[in-house]
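You will see chain A twice below: alongside chain B first, and alongside chain C after that.
And then the complex of A and B:
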């Protein structure tokens, strides 16, 4: 069920605050900096730096991934903030093909435990079950 | 004190979903006898397969056996329908329909009644559609009664039987006869009322779940929550089946929807198709049309 108006795309201020607090508290994260309204720098304790685009799109498909990457080509991950949101397979394939991770918030927390390919291809246990082939 | 009387056999015909009504009809006939038999010199005998059939084997056509055993000899038929038309027989769409055809063929009185009660959650849409088709067909051949509850059914039958018995005694005959006060317009209003009750109950259930578990609920303010999984489960198990049921009910009663609101039905169909795909399919789209809130009043005429 999409959200209309201003917050259809941009996360609500309280969602951004929640994101910063949650990621800052992650055991593998050193610090989080907000660079722009939807752009965040995540510095990990191992020294790796991630650029993350935060969105509130209800569903992220290939179309949304292409749109976001055309505006922020250097990002490492797209996170759609609410657990009520979702991504489609086309969206995930599009993101991975460009070396970018596509997550909802809970999955992103899991992915932060890894780097490189294991980071942007991370799936939660239930998703691994769903997508195994 | 004994008295001379003519005995008319009243066949009680119905599919299996109106068992209570069958009892009510039987009791009403006995009550009619208590009130009228002595004065009218008429006794009405309820005839039902439960009490009047006996074991017999022919290898086929069970309804044919019942026709021979007691259906054909009846003088009046009282038929009742709600959501089912019944199981097809060798010669007709159902046992009840064959019994009606049998007595219509003999130019005997047929008294038909249709229930306005709310539809059960597990209603068989195909059976319901057949009842509607049968009702429409017979609307062009006679008048039938409708009832909201068993008290009303009993009251209607009591007075209709009195008229029918007097007509029989006076030698008057009509192919299908029942009280003149009921009209097709009244029936359309009754159907609309029953449909409104049914779809509103489904819309209300969906709204409750949306408000309690949906993406704009209080639960969703906690961005990471198991409630999101409950929402997704409810979408698949309740909302989507309810949407399908509403769509089927509205489509089966499209004649009740004002012409200017048919595009609203299309918008609703577009929404439920997209909503289903987003929750159950692999092809998703955030541009799926939102739930058209006006659909809740789709049966109402537009205010000028």
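And then the complex of A and C:
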């Protein structure tokens, strides 16, 4: 049964272009390659390779994380692109429990400065204040 | 397609699963509430995580999506939140979602 289109919350083409341009311009990133509609390979200047699932869910919840990881189990990060999008705490906990980072865009830009646990657990200053981590 | 009809479709979808009808609540939000000829429908499923598992809710979402697409040529944009997540993000209030 086809379930493409809006159901998958595929980002708009201009959002994908924005993502590629923004990540390509990050000081720690060597290159960005679009592998599939929502799957991106980010090669960092230190040689680390990240697989990133780009989505446009209003809210990335635990259910969305489970669904995304069932379809793309090898990813390192989920990024929801639109500036008004967000994630839930249980969504983030679900992702981290599986060694995956869950980010909004500006949070992901900050996380790219780090690797490993510091990468996928990265929060912006306002998120740290909001969630009191 | 009015709210009562949508609600009957959703309840029928639930009854065809193992999910108890009181384990999920449905909400309508977005342009469907205000447009005469909408080409999509924004739905919110709020589930009680003590009564239903996430995989069952994901399966229900697929069923509902296919139901609207195949029988009514409508794309259903379906957000899923646990009750706890809804309290955290306050989605119903911020989107002015209407309970079905």
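Convention: the second predicted complex is superposed on the first by the 125 of 133 C-alpha atoms of A that agree within 3 Å, B and C clash if a C-alpha of one lies under 4 Å from a C-alpha of the other, contacts with A are read in each partner's own complex, and residues count from 1 in each chain.
Just so it is clear, a contact is a pair of C-beta atoms (placed from the backbone, for glycine too) under 8 Å apart; a residue touches a chain by one contact, two chains touch by 3 or more.
Keep in mind it's a predicted model, so treat the numbers as computed, not measured.
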Overlay on chain A: chain C relative to chain B, clash or fit: clash
First (chain B), second (chain C), both or neither touched by A:120: neither
Touching partner for A:58 - first (chain B), second (chain C), both, neither: both
First, second, both or neither for A:15, with chain B first and chain C second: first
Touched partner set for A:40, first chain B, second chain C, both or neither: neither
A:67 touches, of chain B and chain C: first, second, both or neither? second
Which of chain B and chain C A:86 touches, first, second, both or neither: both
Which of chain B and chain C A:105 touches, first, second, both or neither: first
More chain A residues in contact - chain B or chain C: B
Superposition clash, chain B versus chain C, among 42-50, 222-230 or 276-284: 276-284
Overlapping contact positions on chain A, where the chain C interface meets the chain B interface: 1, 3, 57-59, 61, 64, 86, 88-90
Chain C contact footprint on chain A (complex, rising order): 1, 3, 5-7, 9, 57-59, 61-64, 66-67, 86, 88-91
Contact footprint of chain B on chain A as seen in their complex: 1-4, 14-15, 18, 22, 57-61, 64, 81-86, 88-90, 105-106
Touching residues (chain side chain B, partner chain A) in the complex: 210, 214-216, 220-221, 223-225, 228-229, 231, 278, 282-286, 288, 290-291
Residue numbers on chain C that touch chain A, as the complex places them: 40, 54-55, 57-58, 62, 65-66, 75-82, 84-85, 88-89, 91
